[in-house]
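So, here's a batch of structures to check.
Each of the next two complexes has chain A plus one more chain, namely chain B in the first and chain C in the second.
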Partner chain A sequence: MSAHEPVGGRLLTKPFMVFAVLAMIGFAILAARFFFGLGAVTNLNDGYTWGIWIVIDIMIGTAFGCAGYSVALLVYLLNRGEYHPLVRPALLAGLFGYTLGGMAAVIDLGRYWQIYTLFMPWYAQFNSIMLEVAWCVTAYTIVLWIEFTPTFLERFGLKNLRQKLSKVLFIFIAVGILLPTMHQSSLGTMLVALGYQVSPLWQTQWIGLLFLVSAILMGYAIVPFEGILASMGLRRPVEGELIARLSRIMFVVLAGYLIIRFADLIARGALGLAFAGDLDAVMFWVENLLFVVPLLLLVQAGNRSSPRMIFIAAISLLLAGSVYRINAYLVGYHPAGGGWHYFPSVPEMLVTVGIFSLEVVAYLVFVKKLPVLHRA
Partner chain B sequence: MALNRRDFLKIAAAGVGAAGAADTAKALQRGPKPMPPEALGMLYDSTLCIGCKACVAACKEANDMPPEHTGQAEAIWDTPVELSGKTLNVIKVYQDGDMEQKDREVNGYAFVKRHCLHCVDPSCVSVCPVSAMTKDPLTGIVEHHADRCIGCRYCVEGCPFAVPKFEYNEAFGQIQKCQFCSHLQAKGQIPACCDVCPTGASLFGKVSDLSEEARRRLAGQAGERYVFTRGELGGDRPPHEAKLADYIKDIYGEKQLGGVQVLYLSAVPFEKLGLPTNVPEYSYAAIAEGIQHTLYKWMIAPAVLLVGLLYVVRRNLGRRGEAGNESGADQSSDRGQS
Partner chain C sequence: MSQSTKQSYAGLDGYEGSLGGVTRREFLKFCTGIAATMGLPAGMGMRIAEAAASPQRPPVIWLSAQECTGCTESLLRSTHPTLEQLILDAISLDYHETLCAGAGHQAEAAKKASMEANKGKYVLVVDGSIPTKDGGIYCKIAGRTVLEHLHETAEHAAAIIAIGSCASWGGIPSSGPNPTGAKGVSKILTDRPIVNIPGCPPNPYNFLATVLHFLTFNRLPELDNKARPKFAYNRLIHENCERRPHFDAGRFAVEFGDDGHRKGWCLYKLGCKGPETYANCPAILFGDVGPGAWPVGTGAPCFGCTEEGVGFTKAIHALSELKTVTPPVTYPRITEDKGQGVSAGAAALAAGIVGAAAGAAVVVASKIGKTSDAPPKAGPDPEQE
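== the complex of A and B ==
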C-alpha cells in the first residue's frame, strides 16, 4: 500500500485551461522558428547568440529542476529520512524542469537535425564542457523518469515490476545525485571560455561551484514554493514541520554561498566594479540583495516556522538564482567587438512562457492522476 | 533550532578556501599549445591598407557568399559593415576627429581587416562538442565542418575575436567563418584576399617568415623607403616601394591569447582597431580545459564519487528498512526518523 495518493478532482479547472492555452500559443509560434530560422522568432544577433531560451529555459529551468537532486542529497546522502514525503513532489519538479529544458535545447539548436552527432563517440570532443553537459543532462533526464517510474507502476497496479525495479533503484538514486553535481557546475564553468567578454563580477574560475551551490539552493526553495502553492491551489495541508526544518538547511547553504561569492570577488579584486554605477553594477546588487533577503528572513528562528515567511524567502531565492544566471550569461556578457544589444522579442518570450505553462499543465495532470503527494 | 557557532565556523572555513582561489588559478590551467610546425598565416599591415575592399569582394566570390545590404535596403551593391552569416571578411575603419591623416590616432583614421585569426590555441575548437571546428596539426588552419555541427553556437560565444557567425534567417542555417581559403590552397593557390590585395597589406606566408618580415618593418625608420612584397611572402610577384609608417613597435598576435596565425601591424594603438589588448597571454581555453581536466581526469573523481554514493545510498536505504522499496517511500513508518 502506498503512502502517496492522487489528489483527484476535476482536471479542466480554470488555471489549467489558461496554462494550456499559453502553452499552445508558445508552440504555434515555434512553427515560424522551424520554417524561417531562429531570427524569425528571436532577437538573437551576431553578438548575442544565446538568448533567453538558453539562459531561462535551460539554465534556470534545470536549476528549478534541482528540487529532486537537492532533496535526494538530504534524504539519501545525509540520511534524513524525515524529509521523505518531499521526495516525490520534488522529483516531479525535476522531471519537468529537465525534460522541458532538454526540449528547449533542441528548439534552440541551430542545426537540430544533426543532434545525433552529439552521441556518436567518434565526433565527441572531450575538452568541450558543452559535451559533458549534453551527456549528463540527457542521462539525468532518463534517470529522473526511471526514479519516477514506481509512481506509474503503483498507479497501474504493476506490483511485480515495481518490486523488481525497487531492487536496483538505489543505483539510479546514486547516479541521480552524481549527474546534477557534474552538470550544474559545468553549466557555470561553460562561462570560463568566454573570457574577457564576461564582466569580472561574474567571470571566475569558481563559477562552477557557485552555479552548483545556487542550483542546490534553488532546488530547496522549489520544495516549499511548490508545496505551499499546492496547499493553496489544491487545498492540501502544508508539510509545515518539514518545511520549517528544511528552511534551516537552506539558511546554512545560503550563508555558505554568499561567503564563497564575496570571498572570491574580494580575492580577485573585482568588487570595485560593483560601485561603477552602470547596469552591471545595478544588476549585481539586485542579484545579491535577492540572496541576502532570505538570509535575513531565515536567520530568525521564528520565521523559520512560518510558512508565509518561508514562502517569501523561497521566492526571493528562486529570483536570486535566476537573476544570477541572467547576469552571468546576458547582462554581464559584453560580446567581443561591441555594439550589440539584446532584449528578447515578444514571440521569443511567449515561447518561454509556453514552455513553463506546459510544465504547470503537466504538473496538474500528474498530481491529480498519480500518487505523487503524501497522503494527507 | 538555532544556528550555533560551530555551524558558522564551518561555513567560514569554506569561505577561506574560496579566498585561496587566486593562488589556485595557475594550478588549474593547462599548459600553452605550441605553434604548429608548418604554420601558415597572414600579415595584415594596417598602414599599407587603402580600404579598397578588393579583398572583401574577392572573398565573396571565392567562397560563393551572397551580397549583404546594410542600411539602405535599396542598395544594389554589397555593403557589409561587420562579419555575419553572409560575410567572412570585412574592412572596418577607425576614425577620430576630422580624420585629416591616415594612420594617426588623433584627428586621423586607419583601416582594419576582420576575419578568423586561426588561433594557436583556439577557443572555438576547445568548446565545440562534436569536433565541428578543427585545427590542422601541420598548418594550423582552423576549419569549420558544417556536416556535423549541431548549431549550439558555443563557438560564437567563445571566440575572443567574435568571428564565427550563424545564419539566423535560414530554416537550415549554418555557422560561417573564414576557412583561410583551404579549397584554393588545396589547388596550390593562396587565399583570395591576399591574392587580390594591391598593396600587400594582406600578405600570405609561413607564420615564422611573416613574423620576421614584421620585425624587419618595425626595425626600420619611419619615412624610410621599403620594398613591400605582394600576395605571398617569397612569391614572384612584382613588389612595390613605399615609405615605412610610424608603427606601434609591437606585433599584435604573437602573444595575445596564446598567439594567433594572423599577425597585425599598425600605426594606431591596436585597441583602436578593435583588437582586444587587455587580455592574458594564454587562451581562455587553457583555463576552461584546466578546470575540467582537474575535475574529470580519466573520470577518476566522478567514478570514486559514484562508488561512494552507491555505498551510502544503499546503506541509508537499508537502515530505514526500505532497501529495495524506494523512491518516494512506501512505508509511512519512515516519517519522523532521522
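== the complex of A and C ==
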C-alpha cells in the first residue's frame, strides 16, 4: 500500500476560482494570438525575438520544474532515501513546469503548425542547440509523465500495471536525471550564440554550468516553498525535519554557485561593469543580493530549522534564479543595431499570469484527487 | 575522367590549328558556357566542343528580309568567342548578305551551289519579316522577292531558325498599319517546324546555344508554344528581375528621373512589360560587361520585344498585364519596428503582479510560525482556504 494519499476535500474553493479565472483570461488572449499573430499581442520585435513567454514561461518555468530533478538527484543518485516523501510533490512541480513550458514554446513559435518537423530526424540540423533543447525538453516531459504514472495507477486501483511499471521505472528515473542535466545547461549555453550582444556580466563560457547549478538550486527551493504553502493552504503538517535537512544542501550548493559566479566575473575582468551605474549594474546587484540573502539566512544553524526562515530563503532563491534568467536574456541583452526596446505588453503578462495560474489550478486538482502528498 | 572524355580532349588537340586563333582553353570555356546557358550538364561542353570543331562543319544559309541588321550586329558583339570565330570555324556560313565576301551574281551563285551540294543538310537562318502584300514586291534580292527566296531555300533545309522579332512574328514592320503585309517566317512556312529566337535584338547566346544544340544532338532544343527554345524563354522577365523585390514591397518609379527611378525601384508603373514577357534577359544580360547591362538594369522599362502581341503592339507606357502576382492594395511596412518603452498599463500591471506576490509572500511568512507551532494533525478542513 502506498504511503501517499489524496488530500480530498472540496475542489471549488475561492483560490481555485480566482486562479481559474486568471487562467481563462490568459487563454482568451491566446485565442487572439493564434488568430492575429504574435505581433498583435506581444511587444516582440526583430531585436527582441524572445520575450517573457520564453524567458519566464520556459526558462524560469522549467527551472521551477527542476524540483523533480533535484530531489531525484538526491534520493536516487546520492541514495538518500529519507527524502523519499518529497519525491512525488517535487515530480508534480516538474510535471507542471515542463508541460506548461512546452506549451509556452508552441505559443511562442511564429509558425507553430510546423512544429511536427522538429520530431522528424531527417529534418534535423544537428549543430543546433535549439534542437538539442527541444528534443531534450520534450523527452523529459514524457519521462516526467511516466515517472508520475504510478500516482494515476494507484488512484484507479490498477495494481497489476503498477507492479509491472515498477520493474522498469528505474530506466525512466535514470533518463530523468540525465535529460535535465543536458538541457538546463543548454538553456544557458544558447546565450553564447548571442555573443557580444549580451553584457559580459552574464556572457561567459561557464554560463551552461551556472544555469544548471542555479536550476538545481531553484529545484530545491521549490520543495520547501510548495511544501509550506500546501501545508498552510491545505492545513497539513510541514515536513519540517526533511525541509531543514534539505536547506543545508541548498546552502552548500548556493555557496558553490556564488563562488563560481564571482570567480568567473573576476577572472574575466568583467566585475568592473557592476559599478557602471546603469540598469545592467543595478539588476546585477538585485540578482546577486537575492542569491546572497538566503546564503546569509541559512549560514546560521538556528535558521535552518525554522520553516519561516527557510521559506524566506526559498522565495529569495527562486526570485534570484528568475532575475538571473531575465537579466541574461532580456536586461543584459542589447541587440545589434541599437535602439531596440522591449517591455512585455499587458496581454503578454496576462498570458504568463494565466499559465502560472493554470499550474496552481492543476496542482490543487492533482493533490486533492490523486495520491501525491505523503500520508499525514 | 572517363575514357571518352580523354579522347575528346585528344581529338580537340588535333583541331588546335582549325580554331582560328582561339586557344583551346577559351574554346572549351565557350562551349561549357553555352551548355550552361541551355541548362545542360557541364560534361556536355565537351560534346558541344567536339561537334563545333568537327571537320564537317554544317553549312548555314542566312537570308535577310525586311530587317535593320540589328540581329547581325548583336551577333557580331558576342565575345566568347566572337561570331566570326564561330561562323568560320564551327559552321560554314555559305551565304549571308552582310558578311559575304563576294557580291552580286557571285554571292547568289555560291548560295545556289551550297544548296545543291548540301541538300537536306544545311541550316536556314532568317532575319527580318517577309512582305506578302502585292506578291511580296516590297523586298527583293537579285531581282526576286524574298518570299520566293524563302520558299526555295526552305525546301531542302534541315532546320529553320527565325532570328529576331521580325522573323519570329513580323516585328516592327508588321505594326499597324503594316503597309507591306509583313509576316513572320512561321506564318509563311506553315508546314515546317521553325525555331523562333525573338528579341530586338535577340541575345546572341540564345541563338548560338540553339545552333550548337542542333550541331551536338542533331535535333532542336525543346520549344514552347510560340516555338521559342524553352531554355531561354520559359520564364517571365519579372521572375528573375533584380528589381522584383521593389515590386513586391510596393516601391515604384512613377516618372523618369524621379526619386524612385534614381533609387532603382520597380519600373512597372512606367510601362515595363517584364511581367508579361518571357525571356532570360535578367539572367544572361547583354554585351558581356557585367551586372545591370540590360534594359531594366539601366532604368529603361522592358518593352516586350520577345513577346508577340506586346512588343511593337502595346503602347510603350501602357501598364503590362500581370501574369503571375498582382501588387497588393496594401503593403507590409518597410520600416523595422524597434519597440517602444514601457507603457503605463504594462508598468502598472507588472508592479501589481510583483506587489501581489510580495504581499502574499509576507502574509504567508508571517503565518508560518503560528501554524508550524501547532500543526493540525486532523484531516483537512474543506471550508478552510
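General observations
Everything that follows uses one rule, which is that the second predicted complex is superposed on the first by the 376 of 376 C-alpha atoms of A that agree within 3 Å, B and C clash if a C-alpha of one lies under 4 Å from a C-alpha of the other, contacts with A are read in each partner's own complex, and residues count from 1 in each chain.
One rule holds for everything that comes next: a residue touches a chain if its C-beta (ideal position, glycine included) is under 8 Å from a C-beta of that chain, and two chains touch if they have at least 3 such contacts.
All of these numbers come straight from a predicted model, not from anything done at the bench.
After alignment on the shared chain A, the placement of chain B and chain C results in a clash.
Looking at the shared chain after the overlay, A:T117 reaches chain B, while chain C stays out of its contact range.
Touched residues of chain A, counted separately for chain B and chain C, are more numerous for B. In the superposition on chain A, contact is made by A:N45 with both chain B and chain C. Contacts of A:Y324 after superposition: neither chain B nor chain C is touched. Once the two complexes are laid over each other on the shared chain, residue contacts for A:F96 go to neither chain B nor chain C. Legend: residue contacts after superposition of the two complexes on their common chain; A:Y140 is shown touching neither chain B nor chain C.
In the superposed model, A:F291 makes contact with neither chain B nor chain C. When the two complexes are overlaid on their common chain A, residue A:G8 makes contact with chain C while staying clear of chain B. Taking chain A as the common frame, chain B overlaps chain C at a single listed stretch, which among 8-16, 62-70 or 170-178 is 62-70.
The contact surfaces that chain B and chain C form on chain A in the two complexes overlap at residues 44-47.
Listing the residues of chain B that touch chain A in their complex gives 1-3, 7-8, 11-12, 14-16, 18-22, 24-25, 28, 82-85, 123, 125-132, 146-154, 156-162, 165-175, 257, 274, 276, 278-279, 284-285, 287-289, 291-292, 296, 302, 305-306, 309-310, 312-314, 316-317, 319-320, 323-332, 334-338. Across the complex, chain C is touched by residues 7-10, 13-16, 43-48, 228-229, 231-238, 240, 307-308, 311-312, 315, 339-346, 349-350, 353, 376 of chain A.
Chain A makes touch with chain B in their complex at residues 1-4, 34-40, 42, 44-47, 49-50, 75-77, 79-82, 84-85, 87-88, 91, 109-115, 117-118, 120, 123-125, 127-132, 134, 147-151, 163, 166-167, 169-171, 173-175, 177-178, 181-182, 186, 189-190, 192-197, 204-206, 208-209, 245, 248, 251-252, 255-256, 259-260, 262-264, 266-268, 299, 301, 304, 333, 335-338, 372, 375. For chain C in complex with chain A, the touching residues are 336-343, 345-347, 349-350, 353, 361, 364-365, 367-369, 371-372, 375-385.
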